[in-house]
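This is the structure I have questions about; it appears just below.
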Amino acid sequence: MSEVQVLKPQKTWSHLAARRRKPSEYDIVSTNLHYNNRDANAPYELAPELFMNQWYKQNTFGTALKHADWNAFRDPDEVIYRTYNLMQDGQETYVFGLFDQFNQREHDKSLDARWAGTLARLYTPARYLFHTLQMASAYVGQVSPASTITNCHYFQMADSLRWLSHTAYRTKELSLTFTDKGLGQDERHYWEQDSAWQGFRELMEKVLTVWDWGEAIIVLNMIAKPAVDEAVLRRLGEAARHNGDVLLGLLTDAQLMDVARHRRWLAAFTKMALETEGNKELIQSWIEKWQPLADKAIDAYCSALPDVPNAAEAAKTATRELGF
Amino acid sequence: MALLNRMEWYNLARTTNWTPTYVTEDELFPPSLSGDFDLPLTAWEVYDEPYKQTYPEYVKVQREKDAGAYSVKAALERSRIFENADPGWKSVMKAHYGAIARGEYAAASAEARMMRFSKAPGMRNMSTLGCMDEIRHGQMQLYFPHEHVSKDRQMDWAFKAYDTNEWAMIAARHFFDDIMMTRDAISVSIMLTFSFETGFTNMQFLGLAADAAEAGDHTFANLISSIQTDESRHAQIGGPALKILIANGKKAEAQKRVDIALWGAWKLFSVLTGPIMDYYTPLEHRKQSFKEFMEEWIVAQFERALTDMGLDLPWYWDIFLQELNDTHHGMHLGSYFWRPTVWWNPAAGVTPEERAWLEEKYPGWNETWGECWDVFIDNVVDGNMEKTYPETLPYVCNMCQLPILGVPGKKWNVKDYPLDYNGRLYHFGSEVDRWCFQQDPERYAGHMSIVDRFLAGMIQPMNLEGALKYMNIAPGECGDDAHNYAWAETYRALRETRKAANA
Amino acid sequence: MSTQKSAQAYHNNRVGPVMRAGDLAQAVIEAAKIDNPDKEIFVDDKRAYIRIHAEHEMILRQATIEEELGRPFRMNDLEVDLSSFAGQIESHDDSVRFYFTTKV
Amino acid sequence: MALFPLTSNFEGDFVLQLVPVDTENTMDEVAAAAAVHSVGRRVRNRPDQILRVRRQGDTDFLPRNMKVSEAGFKPTETVEIIWQAPNA
């Protein structure tokens, strides 16, 4: 070496410096953060044949869902940790403000006892369902090949805990007014035994055992979660309004704001996935494989929902509108 | 009451185990991912996290924490702390961010493993928040150094380090990948949250914050101590898991995991934290010695808590206590001597005043480590700079991936701990490193250390130039003496004085 | 031998919070004294963090801290400045307890 | 003639180092090759002493003119390089 080139400082990380655009805070702190793609032979710095190395080689990097550069994915909302808390603290202040106000107005006492029974059967057991979404998002996040995709899932996981927490809170509160409905007691029984929930339980147990990242991200986000969003948030909210349960209607509206955000990154993701030839057919095949199970779950749940005509059809139609 | 108290609904939010019937329990929670301790779902349902937090509390408290850390950063941005900092302190920041930032982000996925695969519902919820915490730590520790990236190319390594085969990063990845990225949910809870986060993160995030505050770097002190407030919560994920394992007759397995994680953490901190506390931090800003911080955080606080949980002190306790006196001096000398291979500029830290401090904190320093430095200093004073650089590789340990070293000079005790395994000769830096390897050889045996790679011809050409290329470190990034050897002037003057006196 | 000194560090029964410096830490110091009247409270100020310890057990009450702070305070707000702690922890709605189950 | 890697544990130094030698090298040549990386860098020279080679853990030195190929080393095996008064 005669002439040694000395590297000079650049305006941003060297991996972003080639781009023309000034990097945003999101770019600086969110992109290309995984380091398990350095060595195709050993994602992690241990024996290449180690179980977990094989797991990632097979399920993350070996999936049939291909893209030349998943790291190019960007969340259209550019959510970072700091803004997530700003946003959700605001949302929680709103929701707990609702809880506070409706409690002061003795909202629960105004509810019909039959509706309270419906809540015990069709609403409060949802904490189990939301928890399965929390678990599934945690899995897809940890095996995603790009940190920008991972982050969307971890925020979605936290959102699921949010819904679960609202549900637990309301379960307890309702149980103080309606002491004979098994509130806070029978949720597991409903989740495990009641016909309304068995479709969702089957769907989620099976979704939770999809290990291939490509199939898992598609099945969770294009099939299972939209089915939950449409049936258990939107249609349940409609049923609630119809039965004078304004609080639950407002609560599901608030939760559906999270859903709207989830769908924005999902749209960006599917658009990106379609850049690779063959992915469209592959995704279509996964949808065809899983949609019957999701439809069955929607049918079982929605058919039990009182006072929402065509709930199942509306929910199924809405899940298909996510198509690409 | 218009709003319920937390504990009125908390238990419902963590009552989420159900009996799967469309798949089996083992399919839903594969033992290799969940932790194969032969304990059913019900055994884990008594898990009770001692440090409780709910979602609404979380987003509120975390928003408040972020507001504090980011506002201090913004307020101090114009005060040119970085520009005016001692070069040794800049090296502290560079080493810290490079070795830590993306490792913390990776920990989010280790937390996500506990979230998805733990059979304990309380653990799953706490890990959800722990996962979020680690995104915070990764993102903040990229955002804060980024403002310096245009001033100093080495700051690029705050991001870049984890993508390279730089030797210290191989060691860092080997450790973190071993305890958090490739373990089952329960092992992660024991090895990452209990062993590492209730113990060693305090060293880096509070011990170092004390030095940072002394050095006037309030942005950094505030940042890392704020990070540790998250750690102190989610580090509590492991404790109840330990209690369940002990109650179910699995103490030995739990103990083994703690012992392996603790040792690995010790070795990594001996190279990362030891040198920056005892050599890079300007003498007048050193709050305590590295050893004193270790005694405070690891011996007095962590090990005491560990035995309170029903575990024993690690079998290698005496070896560990002895190493507190020695190992990090060797890690410093090694990373300093091989300085072109690190992404920061090590401060030598061996002026007469600094040596007096080292001798006071570590009696015998001058007749051991000092003897090596004497030769080095003579070379600098004499202008024999080629003798102040290496011409070969140090031999590294097949467990911790760090140089195999010991005490030099009058108390020379350097020793290799070899092992023949499946026809291959492995080398270890201590009896404990070798023991760790032997507990699960198949985790480690197929891995190649940087020396193994060199010998296999993966580093070309087979010299320093090739090694630097392999490590992806180039002039402009390569380390050199933090103070450009200005400290050697004192020794030059001393020699002149002596010459004059003898004349 | 200095390793003996290290070994001795292990022989302690001190429990309690390690707080980031600030007004909350000061309130916690005062609350520790009030809420643990029969105990000596050890305070070790390291500038960036402050150890607030007592032998074997320490209880901190939300109401006491609130009073000392002079502003509304919820127990889990402690986390904003609770960087670490010695001993085991037990969290409640309106109090927190640090403790050891064993004595050395 | 073949390149042969050994690990040098040099008396007075603090770290093990990789030292490539040749199978035809004598123990004196091994010691000299190891000294390049320690003496005058971190270990002060002792002009009145010579350097001997032994296996780690042994008290006896290997003969000064023994060849690497005759010593039965395993590749990367650690040898101790020890100062010795010339007439000892």
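Chains here go by letter, A, B, C and D, matching the order in which they are written, and residues are numbered from 1 within each.
Simple rule for what comes next: a contact is a pair of C-beta atoms (placed from the backbone, for glycine too) under 8 Å apart; a residue touches a chain by one contact, two chains touch by 3 or more.
Remember, it's a predicted structure, so these values are computed and weren't measured experimentally.
Engineer: When the mean CA coordinate of each chain is compared with the mean CA coordinate of the whole protein, which chain is closest?
Structural biologist: Measuring from the global C-alpha mean, the nearest chain centre belongs to B.
Engineer: Between chain A and chain C, what is the gap in Å from one C-alpha centre to the other?
Structural biologist: The computed centroid separation for chain A versus chain C comes out at 39 Å.
Engineer: Counting in whole Å, what is the centre-to-centre distance of chain B and chain D, each centre being its mean C-alpha position?
Structural biologist: Here chain B and chain D have centroids separated by 34 Å.
Engineer: Can you work out the whole-Å distance between the CA centroids of chain A and chain D?
Structural biologist: 63
Engineer: At what distance in angstrom does the C-alpha mean of chain C lie from that of chain B?
Structural biologist: Centre-to-centre distance between chain B and chain C: 26 Å.
Engineer: Residues of chain B that touch two or more other chains: which are they?
Structural biologist: none
Engineer: Could you draw the chains as nodes, link the ones that touch, and say if you get a line, ring, star, complete or other?
Structural biologist: star
Engineer: Considering every pair of chains, which are in touch?
Structural biologist: A-B, B-C, B-D
Engineer: Which chain C residues qualify as touching chain B in the complex?
Structural biologist: Touch list, chain C to chain B: 2-3, 5-7, 9-10, 12, 14, 18, 20, 46-49, 74, 76-77, 79-93, 100-102, 104.
Engineer: Which bits of chain D are touching chain B when the two form their complex?
Structural biologist: It comes out as residues 5, 7, 9, 11-20, 36-37, 40-44, 56, 74-78.
Engineer: Please name which positions on chain B make contact with chain D in the complex.
Structural biologist: Chain B reaches chain D through residues 330, 333-334, 337, 369, 371-372, 374-376, 379, 384, 387-388, 390-395, 403-409, 412, 414-416, 418, 425, 427, 451, 454-455.
Engineer: For chain B, which residues are in contact with chain A within the complex?
Structural biologist: 1-4, 8-10, 12-13, 15-16, 18-23, 27-28, 32, 54-56, 59-60, 62-63, 66, 70, 102, 105-106, 108-109, 112-113, 115-116, 121, 124-125, 128-129, 131-132, 135-136, 138-140, 142-143, 146, 149-153, 155-156, 159-160, 162-163, 170, 173-174, 177-178, 181-183, 442-447, 465, 474-477
Engineer: Spell out the part of chain B that touches chain C in their complex, as residue ranges.
Structural biologist: 5-7, 50-53, 57, 61, 64-65, 68, 202, 205-206, 209-210, 212-214, 221-222, 225-226, 228-229, 231-233, 236, 239, 287, 291, 294-296, 299-301, 303-305, 307-309, 313, 318, 321-322, 324-325, 362-363
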